[in-house]
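Below: a set of structures, written as structure tokens.
Shared between the two complexes below is chain A, which has chain B as its partner in the first and chain C in the second.
And now, the complex of A and B:
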């Protein structure tokens, strides 16, 4: 499956889960900001992706819940600390953090959850599954 | 027939209010699975009375693993769950200064814990797979209009009401409504001891419509909340008590 195939399937899944129009879903769209996803929508998306791609998405893997809930080592004055950034990289290895690292605000975290993030995650998931099968 | 071919699951279904609910849902065309804990004979009799579209499943709702097992069985047998009625409930009345921890725990584990567990077991099926469902929790007027000797029961039912509201908020966008029905004083085994003690006083002096409730009275509200006409009602506690909770004493 090519990256574009994955994107097409992810987009169709989001159209169904979030009740948005097809042309609203671009690789750069943020799930919350652009597509209006709420907390239960993230569960719905995971459920639909599992079904669509025939994979198992462990809890806290694709969409880690409350990464920095109440931990002062990770967040200081509304900004993610270097230690927090390391944690973020560890928890979301498939996320592109380049832009975020330039201005790591707590509010900015939700913008990391993009359509591209899902596509990258699925891509790595399918690749590791293929490797395991080989 | 308002509920033709809908799949319903009712806890505490073999006796009392639960039996009335099972009968009423079946009469509206639903296929009904109900949970009973100990009343095997009553459960078998109810299944025999209703026929093919009814099954009884033995389980104690207070046990942690019961709910998933029951929900899985219903989905395996009938493919979905459209209506979940959390009705199983117990009382262990007694003045608080003498209330044993076990009497507290049993009531909380059954009335609140059972409701949590069955909602938890059915919620993903309803909200994510089906994108439709009705959850109806049987509460009590005794949550708000409290009685001496029921600290445990009042706490459990008050918590059920708050839980009902919070869950309604979470599942609303998935076309799952969550409501509670709060019965007043209903003629069942549960209220027998109090009825024997108080005689006619309650119905003559405290209930404006001048009679005790019947399981059918409660079941009618449950059927309504499960019906298409109630799709815009969620997070509500509907009191069905003949006016008891108005708090008036007849002269």
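And now, the complex of A and C:
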């Protein structure tokens, strides 16, 4: 399955889960800001992706909940510290942090959850599944 | 209060489907206020009946060991009002079951006529989350609902249908 095939399927899943129009879903769309996802929608999305791609998505792997839980070492004055950034990189290896690192505000974290993040996650998941099967 | 919005299960196939009926009586309180002089069943209560019919499928799939909550109604369409004196048939199908929860699709008929259809997503909640959210009671599956299901299963066995 090519990355574009994965994107098409992810987009179709988001259209179903979030009741958005197909043309609203671009690779760069943020789930919360652009597509209006709420917390419960994340569960729904995970659930539908499992069915669509025939994979298991462990809790907190695709959408980690409360990454920092107010840990002062990770967040200071509303900004994510270098240590926090390292934690983000570890917990969300599929996220593109390039832009975020330039201005790492706590509110900016929700913008890391994009359609691309899901596509990258699924891509790596399918690749590791194929490896395991081989 | 008895928060039961179905009267009887007419069929139940574990892990697959459940059908229940609900008779609407003008004596039910909601008809008095919804609306004065024009009694129609509130659509939210129709959904509740459908959710009770389908939610028990999700609970049963794990032997009622997990807390199940109605998390989301991704889709719901109402075709016409449900009126006093009618019998609603709630037909539900378990579309998908997973670690996160279960997805149920369902229809509501009055006789042959389709009144509503919906998809309902039920989520499992961890005991720790559940305590914060729900208190110590497993409010989704009250003893009453499970008793009704027990009766339905017994009836199905004695008629040889199950």
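Convention: the second predicted complex is superposed on the first by the 134 of 134 C-alpha atoms of A that agree within 3 Å, B and C clash if a C-alpha of one lies under 4 Å from a C-alpha of the other, contacts with A are read in each partner's own complex, and residues count from 1 in each chain.
Definition applied: a contact is a pair of C-beta atoms (placed from the backbone, for glycine too) under 8 Å apart; a residue touches a chain by one contact, two chains touch by 3 or more.
It should be emphasised that the depicted structure is a prediction, and the values quoted were computed from it without experimental measurement.
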Exercise for review: Using the overlay on chain A, decide if chain B and chain C clash or can fit next to each other.
Suggested key: clash
Check your understanding: Where does A:128 make contact in the superposed view: on chain B (first), on chain C (second), on both, or on neither?
Key -> neither
Exercise for review: Look at A:105 in the shared chain and tell me whether it touches chain B only, chain C only, both, or neither; answer first, second, both or neither.
Suggested key: neither
Exercise for review: See if chain A has more residues touched by chain B or by chain C, and give me that chain.
Suggested key: C
Check your understanding: Which holds for A:43: it touches chain B only (first), chain C only (second), both, or neither?
Key -> both
Check your understanding: Is A:59 in contact with chain B, with chain C, with both, or with neither (first, second, both, neither)?
Key -> second
Revision key, fill the gap. Among 149-157, 203-211 or 221-229, chain B clashes with chain C only at 221-229
**Study point:** chain A residues contacted in one complex by chain B, in the other by chain C
**Key:** 40-41, 43-44, 47
**Study point:** Interfacial residue positions of chain B with respect to chain A in the complex
**Key:** 124, 127-129, 170-171, 173-174
Check your understanding: Where on chain A is chain C touching in the complex?
Key -> 16-17, 19, 40-41, 43-44, 46-47, 50-51, 56, 59
Review point. Can you list the chain C residues touching chain A in their complex?
Key: 71-72, 74-75, 96, 98-101, 103, 121, 123
**Study point:** In the complex, chain A residues that touch chain B
**Key:** 38, 40-41, 43-44, 47-48
